[in-house]
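Chain nomenclature is as follows: A, B and C, assigned in order of appearance, with residue numbering initiated at 1 for each chain independently.
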Amino acid sequence: MAVADDIDRPTMGEAPGGGSRRRRLHFARIPLHVAVIGLALLWSIPTIALVVSSFRTPEEIAGSGWWNAIKTPFDWTLANYDAVLSQRGLARAFLNSIIITAPASTITILVAAFAAYAFAWMRFPGRNLLLLVLVGLLVVPLQMTLIPVLRLYVALSVDVEVPLLGGKLFGTSSYPGIWLAHGAYGLPFAVYLLRNFFGGLPRDLIEAALLDGATDMQVFFRIVLPLSMPALAALAIFDFLWTWNDLLVALVFLGDPNLAPMTLRIANLVSSFGASYQVLTAAAFVSMAVPLVVFFALQRYFVQGILAGSVKG
Amino acid sequence: MARISFDKVSKLYGSVTALKELSLDIENGEFLVLVGPSGCGKSTALRLLAGLEEVSAGRISIGDRTVNDVNAKDRDLAMVFQSYALYPHMSVYDNIAFGLKIRKVPKPEIAERVAEAARILGIEELLKRKPRQLSGGQRQRVALGRAIVRQPAAFLLDEPLSNLDAKLRVQTRAELAKLHERLGATFIYVTHDQVEAMTMASRIAVLNDGELQQLGTPQELYDAPANLFVAGFIGSPAMNFFGTTVTPAEGGYRIDAAAFKLDLTAAVGLDLREQAGQETVLGIRPEHIHDPAFLPPGVVPAVIETTVDVVEAMGSETFLHLAADGMPFIARVDARSQAKAGQRFGAAFDLSRIYLFDSASKLAVKRLGKPDQSDVGVATPS
Amino acid sequence: MVGRRWWVPWLWLAPALILVGVFLLYPSIDTFRRSLLDARSQDFVGLDNYRFIIENPQPLVSDTHVALWNNFLWLFVFTALTVPFGLVLAVLTGRVRYEALAKSAIFIPMAISFVAAAVIWRFMYEFNADIGTANAVTTQLGGEPTAWLQDKHSPLSFVTDAGPDNLPGPLQLNNFSLIIVGTWMWTGFAMVVLSAGLKGISSEILEAARVDGGNEWQIFWRIIIPILSPTIVVVATTLVIQALKKFDLVWVMTGGRFDTDVVATLFFKEAFVIRDFGVGAALAVVLLMWVVPVMVISIRRFQFQEETR
């Protein structure tokens, strides 16, 4: 299923070898273009507003609308970004986002991959039921789990300070704590996605490897994983974005502001009055930068992943 | 290198019986073909042997070792899959070497064995390519290479030719036979194509509906099919069948098919005592029905009146689609035959080559001895 | 496969099962339990917490009715806006050559966090017409600037002065302002999924319809939509669940004030600010009870569709 190809191929409804006859289309061309471009621009306006404003001084922002900024390009400034990046709080928050997201996503992907392989290629009693329960947990809203897990963390708190990283060894306001939490929350979707993909691999490929003498571990690492790169990539992106952009889990489990990721930081900035737009816009853009880069670089997998999960058949 | 045995092996999937008490001994070095229509259990038997499925009942042994619970990789068997199952992300070399790498064979030895296998199969220049760059025939050779390199006790082949086009199939058949000669290993081969079975096997096991119908050499299966199924399965075009009743008559027996009657003497060599008064099925292969004008030597003819429906002249021989009193059947006659469609034609049945099967049990009526050329009987129209 | 030790699969499953058990399964059951206990999770109070939610005795502290109604509003309006938008965009972008570019522009908002989106739209909704784009547009068009995020009047009142301005709670302008942000973010998702579904419609069917004399409009309604309905269901289900779970957006933009609370934000307030675990748990259960039927319906619908193929 080459979704990238689909996206690049022009015009639905055009038969192969269809000449200009069919292209003489079903909507008048100009209104169509106007509509599409207009809508695309409309959609981008809020983001553009943000980006433009992040380069302006506070006086300018307060004085004139961002659309005027084009008239005075030389008043643009990088001061806001400087403030954002150098202000310990936000730079640290950016780092925290990375520290939180990378291990958490890795946990999700690895654990899910192991489980998915077992679900897809091993036989054991209760397999179908267990899978149903696991994926069914997708339904459960986070809110259902937060109170008990929080209490658990409070009870299991290990107040030892972790060197280098900071935060406690375990409990609320600990990195390991939030790694496990995010790791777990991402599992239902991850198992669902990977199991479907692994199950789609040709059966005799796995059998051939087993006959060739491979153990399950060897089949997993040498055959299944290499052939599952698209699915793993899609999953990685999803999980990364979900975790990076998360607010609720961080809000609940990370009391210590030193450990707060960007989302939390910015949320706090917004709600505290006196947050000035120049810093806010720059901060927001910085927090958006990473997901946007990831998105653009791996756009194809992203879309493939959504489709694999949503439209099966 | 040892003998492989199936001892009353059964396999059930829920309430479906895929294999019913299969008992079979495979000798070291032979080329055994498991043949039968789809769903007959041949692939199941192969997979049970390979260790890809668990046996429901019975015992499989290799040598004197019972392998029912032995891991597939420890059975010292190599399998060539119908789809070849090549690892798409690895080069041909890595595909072939995979099993050896897993078993931690030292690199130089791997290189040597792969090179040797590649030479035998003629795929040396393909070693660096990926499977998707190969043709069907090439992929199959790589799959064979992967098996050869393991030097297993036996090779299991699951319909390896079915994905090849007709011409390639004929060519590869010969190559596989040669390979078997060369390696001297046991080949256990599964196919639904009886031509493949007949041409390649040292022995054939015919299966139907999970049960073994007959085990024997190709010639045995052809000359002396044990039951109706085997008779109809082996040979192309298939044997003609007529429903008949047998009555004792003077000097022998009378076989009464609706469209004709045959009088048989004991010299035909069939033991018909049990069939007296019974419903039976008469079988005769197309190649044993001749044009009376061109009788090969040694034939004991009984001429039946028929009409010719269709004439298929192949050049080397001619197939006549005949009908006797409405009952259709096929004769394979000498190419010089002058029979024309729509005409009446006297078909000469070679009485020394007829078979009779009990309608109820489907079993072949026993032959008392080899049929001989003396006066075995006469045919009369009904 | 023969010979695999019976405990091997369980070894592979163990990490996942443990994590899911600890973080999803056990807590869910525990939350059920807590919803029947008091605020400190000590004494059994039966259905009191649920009664609290239904009766709403303390609207000034935490207004459960507002939250419930707002959730309904989100459910319907969000989905009703996003799906058609997504569909229209899918159809339109499918017919231009720069499809990929246009789609990306619309899809981008999905990549950013709700927090960033909140900042963007706070900016858009800013009261001061010199800063806030929305009000700038409004004033250009001759109207008065509006406090988009605080205004509790009905959306109509901003267009016509003489509109009813005491419509039932949820139909407030500020709710719609929030929903628009949600739509802005998720239309891209709907568009991408529906677009894939569209491309799955064989062009022959469409051509046959055109030859049969149908115009674009008819083709759209009578052919495209019916064929797409399973996809639409999938999209709608995802969106409904998103709507029900909406926390980040509301929290950051308004903190649930000005009657924009939804169940998720109310949950947070009750559980972690007011620290009434009983009511908090009950709210979480309410949320679950809304989500489950949606999933069940959509799965049934999907299975039904599969069978009737």
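The rule we apply is simple: a residue touches a chain if its C-beta (ideal position, glycine included) is under 8 Å from a C-beta of that chain, and two chains touch if they have at least 3 such contacts.
Just so we're clear, the structure is a prediction, and the values are computed from it rather than from any experiment.
Student: Quick one: which chain's Cα centre is the longest way from chain B's?
Tutor: C
Student: With contacts counted as defined, which of the two, B-C or A-C, has more C-beta pairs across the interface?
Tutor: Answer to which pair has more contacts is A-C.
Student: Taking each chain's centre as the average of its Cα atoms, which chain lies closest to the overall Cα centroid?
Tutor: Chain nearest the overall C-alpha centroid, as shown: A.
Student: Per the centroid of Cα atoms for each chain, what is the distance between chain A and chain B, given in Å?
Tutor: 58
Student: Using CA atom averages as chain centres, what separation in Å is found between chain B and chain C?
Tutor: Roughly 64 Å, centre to centre.
Student: Whole-Å distance, chain A centre to chain C centre, using C-alpha means?
Tutor: Taking the mean C-alpha position of each chain, the two centres sit 18 Å apart.
Student: Could you pull out the residues of chain B that touch at least 2 other chains?
Tutor: Residues 51-52, 72 of chain B each touch two or more of the other chains.
Student: Of all residues in chain C, which are in touch with two or more distinct other chains?
Tutor: As it turns out, chain C has residues touching two or more other chains at 1, 4.
Student: Could you pull out the residues of chain A that touch at least 2 other chains?
Tutor: 207, 210, in rising order.
Student: Which residues of chain C touch chain A in the complex?
Tutor: Residue positions touching the partner: 1, 4, 6, 8-10, 12-13, 15-17, 19-20, 22-28, 30-31, 34, 89, 91-97, 99-106, 108-109, 111-116, 118-124, 126, 128-131, 133, 136, 184, 187, 189, 192-193, 196-201, 203-204, 206-207, 210, 216, 231, 234-235, 238, 241, 244-245, 247-248, 251-253, 255, 264, 267-268, 271-272, 277, 280-281, 283-285, 287-288, 291-292, 295, 306.
Student: Given the complex with chain B, which residues does chain C contribute to the contact?
Tutor: Residues in contact with chain B: 1-4.
Student: What residues of chain B sit close enough to touch chain A in their complex?
Tutor: Interface residues on chain B, with respect to chain A: 50-52, 72-73, 77-79, 81-83, 85, 87-89, 98-99, 102-103, 146, 150.
Student: What does chain B use to touch chain C in their complex?
Tutor: Touching chain C from chain B are residues 51-54, 68-72, 74.
Student: In the complex formed with chain B, which residues of chain A make contact?
Tutor: Residues of chain A touching chain B: 202, 204-205, 207-215, 218, 222-223, 226-227.
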